[in-house]
Structures are given as structure tokens and as C-alpha cells.
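Read from first to last, the chains carry the letters A, B, C and D; within each, the first residue is number 1.
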């Protein structure tokens, strides 16, 4: 596992300064606001952006699914037809992961809603498969988002069932410590996963109890009450080797300078990882 | 389209007498209680049963999916492993249609329930595909079956969405006039179907309004208030050419002798068909 | 199994007279020159043609794959785009079988040739699958067709391997007694087939030894030296229940009137079938 | 693109010393004799091997397909059943590429041979897909390997056709400069590739003309007459961003010490890459 910088924990908003920051703080993977990439590619070229990443020794860990899977059929088809170009560009920056998330509750009846969405996600996955890119789906745990008329995907069990229904081999799980905490996913469910089921991981923390924690009020790993050491140890135990991305959604500004936060988080995650590895190798 | 005899409208309960009755009344297709077939095949052989069908000039229109798709995983896998033998036997009797139905409401949350069921139906369809057999799914309309905690598949729109989610090319619609009536499927939805979406058709009638009609209190075509002439004309219009099966679930006995009922129904359906064809050729 | 009339054994060339002939001679299945159907449908309508078939009690057993799988990419795509309409029309006439054949030898290197063809046949099969139609492929045995530079599909073993490579569940075998004879397919290979692997069957005879028989000089079943009783018995043994089509390619005219030939062949095939069934039921 | 060390250019034969060498010479990717990995994993654990890779900052670029696709059915099935474990271990070391190669000629007739192989490679690809691993197939160019009875896969065109026949989205091309040279693949065919069609790349050189070069007598990049600058520039032009692996099959020992060769090759490849990038950015 490797720490992965995420734009949510820093204030910089240019691709160049973000990549330089990542390099200064020893990150090898970053998640990025893809609009930065599109802007730089349109001003220069994707070869130029690729060179920016390579010259900083940085790879793109993932990119958000750029397809309007919740839109009307025209919007969906239009954006789906653009997916190959986006996927090709992302792959040039090293990305083999594309991610999106699912609502915990919906107002439309679940079968028409979930069936249409499954068909669309399968179509996206089929496009991504030719690029060797996997699609990670995230269940969303906070209870304040369960209030629409019908339940949709609440937790890890629901997500795994829905992944089976989609039935595309390159679709898997985007696992987020905050959603595992708020959905109260038991540790033995994490330990029962196989590493290849996980496409990407978000690591962040919560300061309120599971049923009160708000989706937009997360805190930095180590600053809250989630057992992140246990979370990372579970991932090590099952053999997950990908990025741990610092997606920390929040509304109040985080205290501290970008470099300080990014460095501290790099060290924090590496401590979790090192400790997990010692345990794992100790066990055999 | 051709009328198809169904065991629910007669009292005979032996395969031999049922096939003889079908032949006397000019049917070419029958639906059958598959246990009759299994009993005859185990007493004699499937070749013998095949000869019974052939010597009466009768083909088996469909057979019920013999897989425990609602059972636990062991029951499902065990019965799935037996599907090739049943499918092979049914095919020897002429059947190219396998059918089952879906609940309108369920107590389990819809995504885990519907996802597991989709995976299982897809597995059944994959087995049936090698036999050239299609799987028809039926939505169930009566409102008294919508009372469990969550809605599942209510109507034709829901079913078509769910079929897309299953995503197997040989899965389609089992269309039942009673369920179209109780789910108040608009005529333009029927006319928008393509013939090949329909795997099999049930024709029966209702004596109560759509939201009061009970699933087990159907009546013979022509004895109720469903516009069956319009229903059959819509099927003719879109080019459906398969069987119209007389599945009439009921609790009180139907009045009349088997031969009288079977003959009358053969004529009733043929009148619907002939009238629909005249309209269709007139138009087209 | 049921005898199936084929245009090659009669001289009539109008759909109406052909269907009337088939009915007079008690056939239930026919193969047809599809151009007759297209002509009648364009003059009247497909509903009218469907009524012609139904009023004679006749079903269409199969139709030739109307896609230019050997043409250039434009020709292929154009004809593929027309397949849904043809398939829909054929289905209205009862057809659930589409057929084509493979060369035994080719001048292009086999891997580019066979790969391109596999991709195209798979694309055709995917379209047909939504109509519940299977695609039967025929290997071609006569040795005078093995003279191009490279061998392609010579016999039943080659065909089964190639079907696996195509990998579509609704693609199977069109089995022809003449090709089994000329390719010297051993009886135990026929007996090892499962019924559902066979999509359609051609029955015809040869008057020359296997390695001399010419593809266009076949004779009527019973008039040559192929063990057709053994061929039909093998099909009965494995449980094949579909049509036996009288495709008898020849250059010199067949002696006799259409009605006499069609009636005699109906009886000949039924004798093979009856004898095979007695054996089969006798064995249990 | 990044240089990737390959065991064929060095003499060290322990995993630890090989990884240390790679690190000293600034490689980030290595190809490895997988037996080294299995030995280390069996002596310690796969977690230990993973730690070895991580502590040297090295990722495994690819692993050879460990399935007996050319063996009898039992050998194939046995080794296929072991593929998930190998794939899971390889993924822990960073590998997202699995590779194998195809004969240019065969003694068995091409359709049964190529069909069976396509079915088996598809089965392997389906297993790998759940791990997000792609399977790269290599065509083999040297003419002395074209002498068996029938041609199989000679060149890039043949390979692309065969990949279409296999039809699995995660199967693509392993491109080798030596095979492109000996098969005389035109530059415009390379430039017509899309980056995502290429799974992995081998870079090595030849000292004899295309039709004389022997498969086991390759030389180090830059020491022969292949236009490797053009080869790498073509890859840059189409946007390939993966490893360039130094697979140099040879019989006479390479002159020089491991460190000298590995360093020189790292610099040689990086010069090709840098020059290609300048051209590419210059063009826009």
C-alpha cells in the first residue's frame, strides 16, 4: 500500500503546484481534480501533461467516472461516447482505476432505478476494460443520506450483491474508511474480502458516532475515532497493495499549511502501513 | 398465434388423457404439469413420453423453471445442476420456452434481493441458451400482492428494466392478460413491444376491477371484462406468433366438462386471433 | 424428428404452390428459397405470408444466413444491419433456425481468415439470440473442395472445435448426411453428440465412394449407398427431435412429378424415423 | 514509458540481488523469473516477497502465463485452477500484465489447433480479468520458426485478427522489436495501433537481416541494426506509457558486468524515450 495525495486536504488549485507538492512530500500516487488535467491538456497537450507527471515521478491513482449515469438517456449516451478519450488520457498518466459512488437511498422505485444504473455502469465498464482500467464503486454510509423513500445500497453487503448483478469482471469496490465506519461494517466482512475485489481505497476519519457523522464533515486520519490502524491492517492482511487516498470531505478549512498537512499525512499513513506489515509478516 | 391448452382449465390429471383431450379439441400446443412428464418418464422413458406427444401431434409449449432461485445457495446450486437434464427432456417434447414469475413486493431490501435473483436467473438462462431455450419472466399485477415492505417488479416497465439488468439475450417476457389488466399496462406499451421480446403468453380474464382482482380468482377468456380482443390484436400487430396459453388460476371449480371447456376455449381464442388477423392484413 | 420438404427436390417455384404441395404431402416443416418469401412479402405483406403458412399448417424450418460474412467489411456491416428485419420475418413463419456453411479449404492463411469469420459469425449469432434463433454451421465433406492452399474445416471434429472458438451459446451444428459420409465421420462421433448441439439436419444420399462423391451430384435418400437408417437411428438415440430436411443438391433433373417425389420422400424419412424409434424404445 | 530490467541481460540469479541491482541502476520495473518469486514465497511468505519489492521501490512489470495452454486437457485444467493464486501473488508485487507467445507455424491443422488455443486463452483471460490483469500475446517473427506444416500467427496483422477471435477485452498485444523487425511489420501498422491495445513491450536488437535473424541470438538495444529510436518514437506517438522490457534472448554470454550492462541499458532506453518525447511534444 502507498499513500495517495488527494486535493481535498490541500488548498493549491493548479496542477503544476499540486504535483510539485506531492513530489516534495514523497508521494508516488495522487488523485486529482480531473478538470485540472483537461485544462492543462487543452492549453498544451496530453503529452505535455504526461511529461509533467513523469518529471515529478507521480502517477495518477484514479479518476472519477466522467459519464452521466444518472442523467437522461441522451446525456448518458453523449458522455459515454466521450469515455474512450478520457480513459486513454488517464491511462497515459498511469491511472488504472476509475471510480464513482452509489446513493444509499432513492425516491424512484429501486428496481427500475437500480436496473437502469446497472446497465449503464456495465456499459462504462466494457469501455474501460479495453484500456485495462477497473471501475470501483463506493457505498456511502452516513445515515442522513438514507432518508429518501427507498433504500438503495447501504453497505458492503449490498454493494457486493449489486456488483454481482452488474456482472462485469472489471468492476469492484472503492472502499472508504468513513463509509465502513458509518455503515458499521464488521471487521470480519473486511477480512473476508479478496484483495482483487478492491479497486481503490479512501482513508479519512470521523469525530462523531457512526449514526451521526455527516458526509461533508470528515477529518484527517488520526484526528478522529475510527480505528484506522485496524482498517489498514485488515487491508494488509488480505493482501491489498494499491493506493490509500486521502479523500477528506469537509466544510470548515483544515488548519495548517499544505506542505505540513501533506507531509504529516504521508507519515501517518506510512505508520499505519508499517505497523500493519510488521503484524502481517510476524503472523506469517 | 395458436391456442395452447393449460391444465388449469381441465380436471384430468393423467398425461395420456390430457394429450388425448388436447388432440380431440384440435390443440397443437399444451402446457403441462411437469410432474406428469417426470412420472411417465421414470415409469417408462423420455423416449416413450416423446412418442406420446408425437403420436397425438402435440408439442409442449413451455415448462416452469425447475430451479430454486428463491432458496438458499445450496438448494439453488443443486437444482441448477439438474437443469440440463430437465431442459434436454423438455426440448425432446418440443419446448423452447421456460417460464417463471417475479413477486411484486418483498420484505428484504430490494437491491440485495433483486441482485441475487438477477445473478441466479442469468445463470439459468446461460444453461438454457445451449439448448436454444428462452426464459420468460412474468410480472404479477394483483394489488393484494404489493403489500410487503418494498416494491419489487410491479409492471411491464419494471420488468423490461429488470430484463436489461439481467442482460442475457435469451431472457424475455411472459405476458399475461390478467397481469396487464391489474397492473393497468397501457395499450401503447404493448404496441411498443417487439415480437421477439415476448417468450410466452397467458390469456385469461377477470370479473373484478383492476385493483380488486385476486390472483387466484381468474375466469375463462370471454367470461370477464378484460379487453382480450384488444390484447390479442396488439400481439398480432407487433407480429407475435407463439402460443396463447389458457392459464386460468381459480379456486371454485369451473362449470362444465373438460371437453366442452377445452373446445369452447379453442374456438374463443381462434376467434380473437382470426379477428386480429383480419384487422392486421386489412391495415398492412 | 419430422420430415422437412426442401425446394431442391421439386420443380415448383412459387411459394403458394410449394406450400400447397407440402400440405398435400403431409409435411409440417419446409425449407424455402427465402427470395420467394421476400417477393411475396414485398407484393403483399409479411402478415399475408404468415397467413399463407398458417392456413396450410406449415412452419418454416430454417433460413439461410442473409449476411455477407465472406464479403468486405462494408458489405458485411450493411447486411448485418438488415439481419434483425429478416430474422423477425422468419420468426413470424415459425423459424428458430438460421444456417450457413463453411469451406473445407481456403487460399488465405487460416488464422486471419478463420478469425475474421469467427468474429462475424459471433456478431450474427448475437443478433439472432434476441429472437430466440440458433445459428447452425455446416462442415462440407466432398474432397474436391479440399484443394485450395490451406485446410479450413474438414469434418465434425474441426467444426466442434471452431464452434468452441466462436463461443456463442446459440451457435451449433447443421449436420448433413452427405458431408458425414464424404468426411467419413465415424458413427461413434455422431453418437457422442448431445441433441442440443444440433441445430438442423440435411438428409440426402450418395452413389459414389466418399472420396469421389461430388457436392452437386447428390441423390434422394434411399437411392444411394449412405447408411441413412443408421444416421437417423443415431439422431434418435441422442434425442434429436427437429426437422430432417431433404436438401438434395443435383444437376441432372430428378425423375418423377413433384407430388410423387415429395410423397415418396415423406414416407421414406418416416420409415427411417419409425424404425429408429422402435429400436430406441426397445432399448429403453 | 519506463525501462524495465529483464533477467536475460544479467547473470545474477537470486531475487534479492536482482532487486538490489535494479534499484542501484534506477529501474522502477522489473521482469523476473517467476520461479525466484515462488521459491522466496515458499521459504518465507508472499508478504515477505512483497516487502522485498517495496523496500527496493520496485514493481513487477509482468509474469509469464503459468497455464499449460499447449498441454493435454488435464494439464490445462490443473494449471488453470492454480492461476488465481499465482495472479493474486503477482498482483501483490504490482503486476497488471501477464504474457505468453504464439508459434508462427504448427503441424496440426490450424483450425482445430487455433480454436482450442483460443478457448484456453479466453479462459485464462477471464480469470485474470477479476484481478485487473491483462494478458498480452506475442507474435514471433524469426523465419526459421515458420517451417512447420501450416502457418499459424506470423505477424501483427495475424495477431490482431486472432485477438478479435479470442474476443476477451483484457487480451492484447505483447510487442517485441525483434519480432516486428523479423516479420517486417511496416511502421504505419505500428502507428495505427491504439495505446490500449498494447499490454507490454520487449526491446532488443538484431545483427542479421530480418529473414536470417535467429530467435535465440538477439543483441542489446543499440548494438544491432533495428531502428529502435523509430520503434520507441512510434510507441510515444500513439501514447503508450508502460514498461519497455529488456528481454534479450541470446546464447553467447553478453560482455560486461551486470551493473555496467544494466546501467548502460537504462540510459540507452531513456535516451530513446527522451528523444521520442521531444519529438512528440514538439509536434503537439
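Following the convention adopted for this analysis, a residue touches a chain if its C-beta (ideal position, glycine included) is under 8 Å from a C-beta of that chain, and two chains touch if they have at least 3 such contacts.
Model, not experiment: these values are computed from the prediction.
Visitor: Name, by label, each chain that touches both members of the pair chain B and chain C.
Guide: Looking at chain C and chain B together, no chain touches each of them.
Visitor: Find the geometric centre of each of chain A and chain D from their Cα atoms only, then give the gap between the two centres in Å, rounded to an integer.
Guide: Their C-alpha centroids are separated by 31 Å.
Visitor: How many angstrom lie between the CA centroids of chain C and chain D, rounded to a whole number?
Guide: Result: the chain centres lie 46 Å from each other.
Visitor: Please report how many Å separate the Cα centroid of chain B from that of chain D, as a whole number.
Guide: 55
Visitor: So which bits of chain B are touching at least two other chains?
Guide: none
Visitor: Using the touch rule from the top of the page, what pairs of chains touch, sorted by label?
Guide: So, checking each combination of chains, I get A-B, A-D, B-C, C-D as the touching pairs.
Visitor: Flag every residue of chain D that touches chain C in the complex, lowest number first.
Guide: Touch residues, chain D against chain C: 109-112, 114-116, 118-119, 122, 150-154, 157-158, 161-162, 164-165, 167.
Visitor: In the complex, go through chain D and note every residue touching chain A.
Guide: So the residues of chain D in touch with chain A come to 45-48, 50-51, 87-88, 91-94, 96, 126, 129-132, 134, 169-170, 172, 194-196, 199, 236, 239, 241, 277, 280-281, 284.
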